[in-house]
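Next, two complexes with subunit A in common: one pairs it with subunit B, the other with subunit C.
Up next, the complex of A and B:
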């Protein structure tokens, strides 16, 4: 009898202890879980559910007819009220310029700063500055630069006698998209530069020296030693640049509002219109689900491309 | 080891490392200066036109320093433009979001990194999902729920989502700092009779001080500059934050650029001020956020 008590007690005690531990862990996680599930996880689940519905946000909402995927089909075909294809094309153009103009520029700056030129800290600090400024401020600032009558850009063009080059930048169909792309690229060059610079700084000086001793020029050191080492960071930058372009909203909303003639819409501006101008919450949900899918798909695709290159 | 040194010395005589070309160096320096100019100029332009009259901005003196320093642009932005109120709102919303996300992240990270239990890796991976989920993903359902609960147009309408979106990054950065604290300290505390909570409050919270700045900076920038949620969820002017306020102001002052410039400066100077003093810290927090993610 006494033996049993001795054996049983520790077990019960341990169970009780585990229960208390479990409860404490739960308490520690509770605030984070509450925020995370209520604002991120649950809404996504609801979005997926609503994306199959024709729903105005008020009524109960009914399943899409005739096909349950009608919202998704409309997204790619119905071009009268909303042109998702154009919006997607625009964000992909933005992604293209980000990857092939912005990132090379960032990489170049990072490599050059990695060679310890005079004023390295100063340049690093200045180049990163635009990242910290609100996109609304950047957008308003560029509106003033683009202003057709008094803007800096047109004034400058007139000054150097290139009057024919002046444009009503943000409302001319030919230049509207470009006038969004330029500030977007400008703002985030510094961000990618900083990430890559951190990578460049992480390359061991011995490795550099060894390559230099073997007779490599600084350019060759960058090309054959530094870039292969910072490849994982470049991958992260490419993912950020592409998913960031898909999510673009602020600068488009402020600079062109999607105009002229809806030529510069992006998925997020369409999302907003579907919600507040058209009360099409089902369609709005479908657009946000589409955005999540695209972001994850591109992230996976880019990772796969980088892995392929390694092999 | 000695042999190697001798060998390296031998090689030195045969392979002389190439000196970088001075012409190339000069060209690089010029390019760096040009790019620095492109980065500084818009900010300089903003500061100067915030102090100019329309006559100067529109022709007399487009890019130079203001001739008459018109400080009344600022009082107009603060007064009729309501920038003072929006500034205060931004501080309230941003401050509360930083505080909430920091507390939640500290507690969650403690449970994930310093308590041994099954599933802590899985929980961590679950939170890290938040790094890739776009803010647009939740806007529709959150908007509908908030409007049904009549919860739009309050500070908490923005504070709760901002805290949630800052959380993943805060946990990521917290984890980096918390695993650096020696686990012996926890053991010692336990031997001294401290429970989990006492250990958390007495040991972890004081030792995590360096992490607060890094996390705070990151969350600050995210919340201070956020536009989409603020634009969609807040329609009354009493709770508007700076970014939306500026957008509104520029709509009503289309022909008067001075006050708009002033508003832009008011929104930007806290960030730039912090940056001047903490540039290295800020850069580190961005690197910590991206490289580990």
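Up next, the complex of A and C:
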């Protein structure tokens, strides 16, 4: 009898200890969990719920008619007031340029700076500076550059006798989107460069030296040693660039406001317009849900593509 | 052991902070929660007596930013109110026009409105009234009825109840830089449409841009388009369409839109204006870049304040295009700028009285400054009012009828649709027929 008690007690004590440990872990996680649910999960759930409603944000909402998915249907079919397809296309164009122009530029700069050139710190600061400047300031700065009357760009073109190339950059349907893409790329080159530069600096000098001893040129070292090692960072940069393009808002709003004729709208400017100008909170919620889905989908897709390449 | 103690302390602090947050949220609910029933007119009496001298603080949002023509009238009126009512502290914030529309709607949706807020009458305020977010001003109005004619309250009256204090009334004016017109042989603004077009052609031939219009702010395009439509189809027809009593599918409106596009395609508008804001276009007009500028008569104050420019500028109404249906005196505009009181205000009754007094003073100073015509009966010496405002006053004295600005007359959803079409008309992406058919289909 006494022996049995002795045998049982350690198990019970261990269970009790585990229980206390589990409770402690739960207790410590509770504040973070609470914040995570209240700040992230709850708003998403509410947005999904509201996206099926015809709601003006003030009165009580009612379910969409005749179809509960009416907001989602309108999103893809209403081409005059709410051209989501054009907005999405613009975001994808922005994402394309971010991935295939901005990131190679950032990678190039990171690799060059990673070779410890003279003035490395200075150039690092200069390239990173646009990231530190407020987007509103950058928007205003580029508006001045694009100004058709006194702007730097048109003045420069006139100076080199290219008068025919001058444009009303932000309001010409042919150049408006390009006018947004250029400053967006310029602003975030430094950001991605810094991420990649940290990765490049993390590459062991032994590996570089070994490759050099084998006769590799600096370019070959970068291509066959450094880039494969920093691939996880490049993947993160691609995810940031694509999701950032899908969520783009501030520069678009300042430079073109979605115009001319809504040709430079992006999902976020549409979202703002539907929520606060048209009082269509149901539709705004549907757009935000669609944005969340797209961001997750692209993040998963990019991860899968990189995994496939690794395999 | 030390680590454990620190961990327990950190956990305790976090738990306490969360508990504190919860308690604060709960306590704040009654104050901000002004429930819908509170403001719908049959609201229970506000907590504070309107006539009591108890010290209170009121918050106000408006659009009288530093660059706004009305800024001085707000500052002067608020200074007077501070003298007359030392027991009331007013915290006021001015937000840029376009951003304000977003901000006030977000505040209404979140039930976080200031006690007093600027609004546009008709549908803009109507949406808030429908949602029971606005305090009914019927009781407070009784004391001011002799100074504020009932007719001026019309645009902010819903189901027979008053919800807004009108400030000034404005119309769309055709401002002209007479120095530029003189260069092409015109001493006066042309009175007939044919003559007006000839004048535009002459200006163009002399390398002077006839019109400046801010394409970045679609409401500026409506100032031109609505004038062209009104002077083609008549005020009654346009009013019926704006108020939903008639369909948009009116061929005369389509023809008027085509006429407007002719002005665009003839190169009368500054092409770079499409990428500019109204402030930039206005500055260009004052700098002599354009001959004409169609915009609200609230601009008279700024034009009069610039002595050199004041000598050059004249104002008129847009000429009649189709004399069979329209006539001079049919104007776009009316009392739209309004102050309202939030139903959720804990001092709504006193805020209502305060708003009437403040509105009267803003109207008074605004009229003296030339920011518009008074919605209230004018008082004091008004002989110093600038010539432009006096000219507007003369135009209004001969007015036959007013059609309120389209985006103010329509609900937010319809106005957004309407402005999208106007944007496309200005960009010549749709023609008159597509405009009327599209709006007839999309505005339900």
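Quick note on the criterion: the second predicted complex is superposed on the first by the 272 of 311 C-alpha atoms of A that agree within 3 Å, B and C clash if a C-alpha of one lies under 4 Å from a C-alpha of the other, contacts with A are read in each partner's own complex, and residues count from 1 in each chain.
Heads up, the rule we're going with is that contacts are C-beta pairs under 8 Å (C-beta built on N, C-alpha and C of every residue); 3 or more make two chains touch, one makes a residue touch a chain.
Predicted model, so just to flag it, every value in this text is computed and none were measured.
A.B. asks: Which partner, subunit B or subunit C, is in contact with more residues of subunit A?
C.D. replies: B
A.B. asks: Mind working out whether A:281 is in touch with subunit B, subunit C, both or neither, as first, second, both or neither?
C.D. replies: In the superposed model, A:281 contacts both subunit B and subunit C.
A.B. asks: So, does A:12 touch the first partner subunit B, the second partner subunit C, both, or neither?
C.D. replies: After superposing on A, A:12 lies clear of both subunit B and subunit C.
A.B. asks: With the two complexes superposed on chain A, say which partner A:148 touches: subunit B (first), subunit C (second), both, or neither.
C.D. replies: Touch status of A:148: second partner only.
A.B. asks: First (subunit B), second (subunit C), both or neither: which does A:57 touch?
C.D. replies: Both partners.
A.B. asks: Between subunit B (first) and subunit C (second), which does A:186 come into contact with in this model arrangement: first, second, both, or neither?
C.D. replies: After superposition on chain A, A:186 lies in contact with subunit B alone.
A.B. asks: By the touch definition at the top of the document, which applies to A:249: first (subunit B), second (subunit C), both, or neither?
C.D. replies: Only subunit B is touched by A:249; subunit C is not.
A.B. asks: Who does A:262 touch here: subunit B (first), subunit C (second), both, or neither?
C.D. replies: Second partner only.
A.B. asks: With both complexes superposed on chain A, which partner does A:123 reach: first (subunit B), second (subunit C), both or neither?
C.D. replies: A:123 sits against subunit B, while subunit C stays out of touch.
A.B. asks: Using the superposition on chain A described above, determine whether A:31 touches subunit B (first), subunit C (second), both, or neither.
C.D. replies: Touch status of A:31: both partners.
A.B. asks: Jot down the residues of subunit A that show up as touching in both complexes, subunit B in one and subunit C in the other.
C.D. replies: Residues common to the subunit A contacts of subunit C and of subunit B are 28, 30-31, 57, 149, 272, 275-276, 281, listed in rising order.
A.B. asks: Okay, in this complex, where on subunit A does subunit B touch?
C.D. replies: Answer in residue numbers: 21-22, 24-25, 28-33, 35-36, 38-40, 42-44, 46-47, 50, 57, 109, 112, 115, 117-119, 122-138, 140-145, 149-150, 152, 155, 186, 190-191, 194-195, 198-199, 209, 212-218, 233, 236, 240, 243, 246-247, 249-250, 253-254, 267-268, 271-272, 275-276, 281, 284-285, 288-289, 291-292, 295-296, 299.
A.B. asks: Over in the complex, which subunit B residues touch subunit A? Could you list them?
C.D. replies: Listed in rising order, the residues of subunit B that touch subunit A are 8, 11-12, 15, 17-18, 20, 25, 28-29, 31-32, 35-36, 38-40, 42-43, 45-46, 49, 57-59, 62-63, 100-101, 103-105, 107-108, 110-111, 115, 117, 123, 126-127, 129-130, 132-144, 160-161, 163-165, 167-168, 171, 196-197, 200, 221, 224-225, 227-228, 231-232, 242-244, 246-247, 250, 257, 260-261, 264, 267-268, 271-272, 275, 279, 282-283, 286-287, 290-291, 293.
A.B. asks: In the complex, go through subunit A and note every residue touching subunit C.
C.D. replies: Contacts found on subunit A: 27-28, 30-31, 34, 56-59, 78, 80-81, 146, 148-149, 168-171, 173, 256-257, 259-262, 272-281.
A.B. asks: Would you mind writing out the residues of subunit C in touch with subunit A in their complex?
C.D. replies: Listed in rising order, the residues are 7, 11, 14-15, 18, 101-102, 105-106, 108-109, 127-128, 130-131, 133, 215-216, 271-272, 274-276, 411-413, 415-417, 420-421, 423-424, 426-427, 429, 438, 442.
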